[in-house]
Amino acid sequence: MLDTIGLSKIEDLVAHLPAAVRFKSQLAIQPGRSEYDILDYFKARGAENAVGGGNGYSCFLGAGVYNHYRPVLVDTIVSRSEFLTSYTPYQAEISQGTLTAIFEFQSMICQLTGMDVANASMYDASTAVPEAAMMAIRATGRSNILTARSVHPEYREVLQTYTQHQGIPLAEFGYDAETGQLDIAALKSSITKDTAAVIIQTPNFFGIVEDVKQAVAIAHEHGALLVVVFSEAVSLGLLEPPRDADIVAGELQSFALPPSYGGPFAGVIACKEKLIRQIPGRLAGETKDANGNRAFCLTLATREQHIRREKATSNICTNQALIALMATVFLSVYGKEGLRELAVQNLSKAHYLADKLKPRFSGPFFNEFVAQADAKSVADINRALETKKIIGGLALEKFYPELKNTMLLCCTEMTRKTQMDQVAEVFA
Amino acid sequence: MIKKVRPHPSQNEPLLYELSSPGKKGYQLPDLDVPTIDAAEALGAGNTRITIDDFPEVSEVDVIRHFTRLSTWNYAIDLGLYPLGSCTMKYNPRINEQAARVEGMAWIHPYQPDSLSQGAMQVISELERCLLQITGMDAITLQPAAGAHGEFTGILMIHAALAAKGNPRKKILIPDSAHGTNPATAHMAGYAVENIPSNARGMVDVEALTRAVNEDVAGMMVTNPNTLGVFEENISQVADILHAKGALLYMDGANMNALAGLSRPGDFGVDVMHLNLHKTFSTPHGGGGPGSGPVAVKQHLEPYLPIPRLARVNDQWTWNYDRPQSVGRVRAFYGNFGVLVRALAYIMAHGGDGLPRATFDALLNANYIRKLLEPYYDMPYNEPSMHECVFSDARQSKLGIDTMTIAKRLIDYGFHPYTVAFPLIVKGALMIEPTETESKRELDLFADAMISIAKEIEETPDLVKTAPHTTRTARVDEVTAARKPIVRWKRG
Amino acid sequence: MYPDSYRYTKEHEWVHVENGIGTIGITDHAQHELGDIVYVEVPKVGTHVEQGKTFAVVESVKAASEIFAPVSGEVIESNDALTATPELLNSDAHSAGWIAKIKLSVPEEIDRLLSPTDYQAYLGEG
C-alpha cells in the first residue's frame, strides 16, 4: 500500500506536520491487553460497587433513575449488528430498519403521552427540559420560564446552565407542604404575561401525582405553554397522560436500561401538532418510494444544525437512538396490558411500604414517596440498612433543606416484600 | 462490475401496529407478593388512565421476528465499510459490550453512597487519565453526552473564563469549513458567529484571522485536522494570534482519529476541546447514538469545569460539588457511564503502544484510497491528507451527475455512501474516511466500485442517475415527507 | 419569462409595485436553483422589513435559504396559500407564488433595482 501511495515508510504520512506538534514520546498507558484481562478489570471494579438487582443489594433509590426488570429480548435485539453498528439513517434506502423502528417509537411515545408529535430522542430528560423551554420561547415569542420546585433538582440545574447566556429569566414556585403537589396560589402569583412556559413534573420529584388539568388552565389563561416532565416512564402505563399540555419532556431509562451509574439514558420531547417545526432533534416520517411502496426517512431536517447552523432549533446531532430502540422493544414486549400490569405492581409495592412508614405528603403517589424519619436520623437508618445489603432512600435535605430528616424511597416490581419489611423494621 | 454484493430477497414486515391483536402477550411478570392496590382509589379516578388506546399487543415471537426482519434492512459496520468522512466508522469491539454489561458496571445507581461506588469512580478516573494522556491537556470532564453537548460545555467555559476577567466578549470565529454543530453551539451560548474564510489551500486564512481577532472575539472553534482532512499547519500560529488578544482556542475533536498518539492538541495551543467517544474511541453508533463528548482543558480553565468533579479524599473517591466557578451542570448525574466503560475497554485493548499504530493505519488507509481515486475524481485541494480525503464531483457534474447521485449508485455496489456535499467550501464534495478498521481487500473493493461508477457516468449515465436499483426501497420521496409530515402511526 | 413591470435583485427576488404596495417573490431562476420547495416561512403581517435584510425563509429538503427584502416597508399581507402548498413557489414563482405585500416606506429604493434586461444579463454572466 505504501508503494501505491509512493512512500517508503509509514512515518512519512506525517512528515509534513510541523516538528513542534509531533508527539514523540510514549503515552503513559499500559500496553494492549487481552479480552480476558479487560473483562477481569471490569469485574474487579464491579465488585467494588454495591450492585443492585438480582442477587446483589436491594436498592430503594429512585429519584430519576429506576430499577426495572429488562425483558431478555431487549439486549438480544439491540445486539444485532445491523442495529448496534449502523449509522444515523441519513441514507434512507439502506436504513429502513432503523427508520421504521424510530417511527414506531415516535408513535408509541405519542400514545403514552397524549401528544401529536414525538422526536427520535434527546440525550436525557435533564437536557430535554431546557430544550422544551427554548421551544416554548421560540413558539410564544416570550422570554421567561417558570418552573415548579418539585421538578427534579438536577433538571432545574441543567435548565439554569443552558439558559444562562440567552437572556431567559428563570423563576420557581413551590409545592404545598401538606400534599406535596403544586402550590397553586404560588403558581398564580408567579405567572406573568412574559411567561413563555410553566414547567411541572408528574409524578414529581417527591413521587406525587400532580393535578395537571389545573396547571394547564392557569398556564393557558396567561398565554403561556405548559411543559410536563416525567422521569419515571413506567408511570405512563397507569397515569392519565397530560393530554392538554403543549410539550412533554421525559426520561426513558425505565424502559431501556439498568441504572448504569447515571447514563447513557434517553430523553424524549413530544408536543402538539402546531409546534412541530419548533421541536428539536430528529424526526422519522412516513412517505413512499419511487415505486409507490411505503418507506420512512428523516424529515423536517431544515430545523437541524447541519442545515440551519446558527439558526437551528438546537445544536443536537448524535442522539440516543440505540436506547430509544431498547425502549421500543421493551414497550413491544409489555404491550398495552403489560404496561398497565407493570405499573400496578409498582404502585402496589410502594403503597405496601408506605403504609408501614410515615409518608411526609398526603398527595397521591405512584412508586415513590417521601418518608419522614422520627426516632432515628436518615443517615443512621441508611447505615443500618447497608449492613443488611439494602441501599436506602435518598436523603432529601441536600436538595430541599426544609425537608429535614426525610428520605425518598422507591419500590418497583423488583422490590421484594421481605426487603420492604426489613426497611420498615429499621425505621421503627 | 459489482463485486461486494449480490441481490438477496429480504423479508417484508409491517408495523407493530399492523401485527397487533387484542390479547396477544409477550411478557410475564412475577406474582405480586403484596396486596394489589386499586389504582383509581390510590391515585384518583381522574388521574388514572382507562387504557392506552391502540397501543400494540404482540407476542414474543412477533417481537423477535419483527425487529430481526427490520434489522436486515440496514447496512452496518459489521457488513462492510462506511466511508463517511469525520464520522470515524470503525469496528465496534464486542468486548466493549461485555464490559458494559458486567453487573457491577450496569446495576449501580448514581445516588448510591460514594463508599459503595468506588469501582465506578475508579473507572471514570482511569478513563480521565488516559484521555488526558492522549490529548495532552490538564483536566477533563466526562459529563457531556455527545460532541455537540461537549462543544456547548466548552464554549460556556470560555464565557466563564473571560467573564471572570471582566468581559465575556461577543463573538466566536468559525471557519467556513466547520461542522454545523459549531455555529449552532456558539449561538446557544449567547455568542454571535463570524465566519473566517479558508485560504486557497483549504486551511484557516491566517491574514483574515489576524484582521478579525479583536477584543470582541471570545475565541475560535477549529477542527484539526480540518474537515478537508488536512492538518492545519499554522495551528500554533492561530493559537498565538488568538492568545495575544486574550481570546481562546477551542478544538472540535471529531477528527482525533488522525492524531491519537501522534500529536496532542495540548501541545499546539488548544485551550479547550471535546472528544467524540463514539468516533475515535469505537463506541457503537447504534443508529444515531448514544455517544459521549468529554471536554478536556488546560489548567487555567479547570475551575470552570462542570460539577461535580471526581476528587480523592482520604484514599477514597468522592464527588466534589464545592466548585464556585463551575459553569454548572450540563446534564444530570455524571456522564454516559456505559459509553465511558466501552471507551476505556477500547483504550485498554489497544494500549499505549497500539493507539498510535491504529492512527497510522487510519492515515495509511485514507491516503491509499486517495491515490487510487485521484485519476478519476477531482481533488480540489492538493494538500497531504490525514485520516480522510475530500474529492469534488467537478468532473462528473459536467456530465450532469452530482455527488448525491454517485452516492446512491455506490449503494448498489454494497457500500454505504461517503459524506455527501460537506464541507460546504467544496462544491459537490465527496468526503471519505475509511478508518484503520478496513483491510486492503475492503479498500480495493471500494476503490473498484468508485472507479466503475466513474466509468458508468461516461458510458451508461442513466444507470447512475436512477440508482439505487437493488435496495429494498427505491429512492425515497423526501420532498413529500417534508411537505406533508406524517410522524406517527394512526388507525385507519 | 421575466415580466417587464417587475424589478429584480442580484439575490434573485422580484418586486412589483402598484400604488405604493410592492408584491415580493423569488425569481424563477431562484426556485430552479433551490429545487423542490417544502416549506415557506412567510413574514407576519405588521412586521417591518428592511431592504437587504432577511424577511422570509424558503426550505427545500436539504437547505434553508434566507430571502432578503428587495424594498423596505410594512408587511400588509402574506401569502398563506404557501403554507399549505409550498409547491406554488416552484410552479408559479412570478405569480401565484408571491410571498408578501409590502407598503413601501422608501419608494426611491425601486430605482436602484435591476430591470428585467439587466437581471437577465446578470444571470447570463453567472
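Order of writing sets the chain letters: A, B and C. Residues in each chain are counted from 1.
In this section, contacts are C-beta pairs under 8 Å (C-beta built on N, C-alpha and C of every residue); 3 or more make two chains touch, one makes a residue touch a chain.
Everything numeric in this text was worked out from a predicted model, so none of it was measured.
K.L.:
In terms of CA centres, which chain lies closest to the overall middle?
P.N.:
B
K.L.:
Among the chains, which one keeps its Cα centre farthest from the Cα centre of chain C?
P.N.:
Checked the centroid distances; the maximum from chain C is A.
K.L.:
What is the distance, in whole Å, between the centres of chain A and chain B, each centre taken as the mean of its C-alpha atoms?
P.N.:
Each chain reduced to its C-alpha mean, chain A and chain B end up 21 Å apart.
K.L.:
Just curious, how far off is chain C from chain B if you go by their C-alpha centres, in Å?
P.N.:
Centre separation, chain B to chain C: 38 Å.
K.L.:
In angstrom, rounded to a whole number, how far apart do the mean CA points of chain A and chain C lie?
P.N.:
Roughly 44 Å, centre to centre.
K.L.:
Show the residues in chain B shared as contacts by 2 or more other chains, in ascending order.
P.N.:
In chain B, 478, 482 touch at least two other chains.
K.L.:
Counting only residues that touch at least two other chains, what does the list for chain A look like?
P.N.:
If we look for residues of chain A contacting two or more partner chains, we find 301-302, 307-308, 311.
K.L.:
Residues of chain C that contact two or more other chains, please.
P.N.:
38-39, 59, 61-62
K.L.:
Within their complex, state which residues of chain B touch chain C.
P.N.:
Residues 421, 478-479, 482-483.
K.L.:
Note which residues of chain C are touching chain B in the complex, please.
P.N.:
36, 38-39, 59, 61-62, 86-87
K.L.:
Which chain A residues qualify as touching chain C in the complex?
P.N.:
277, 301-302, 307-308, 311
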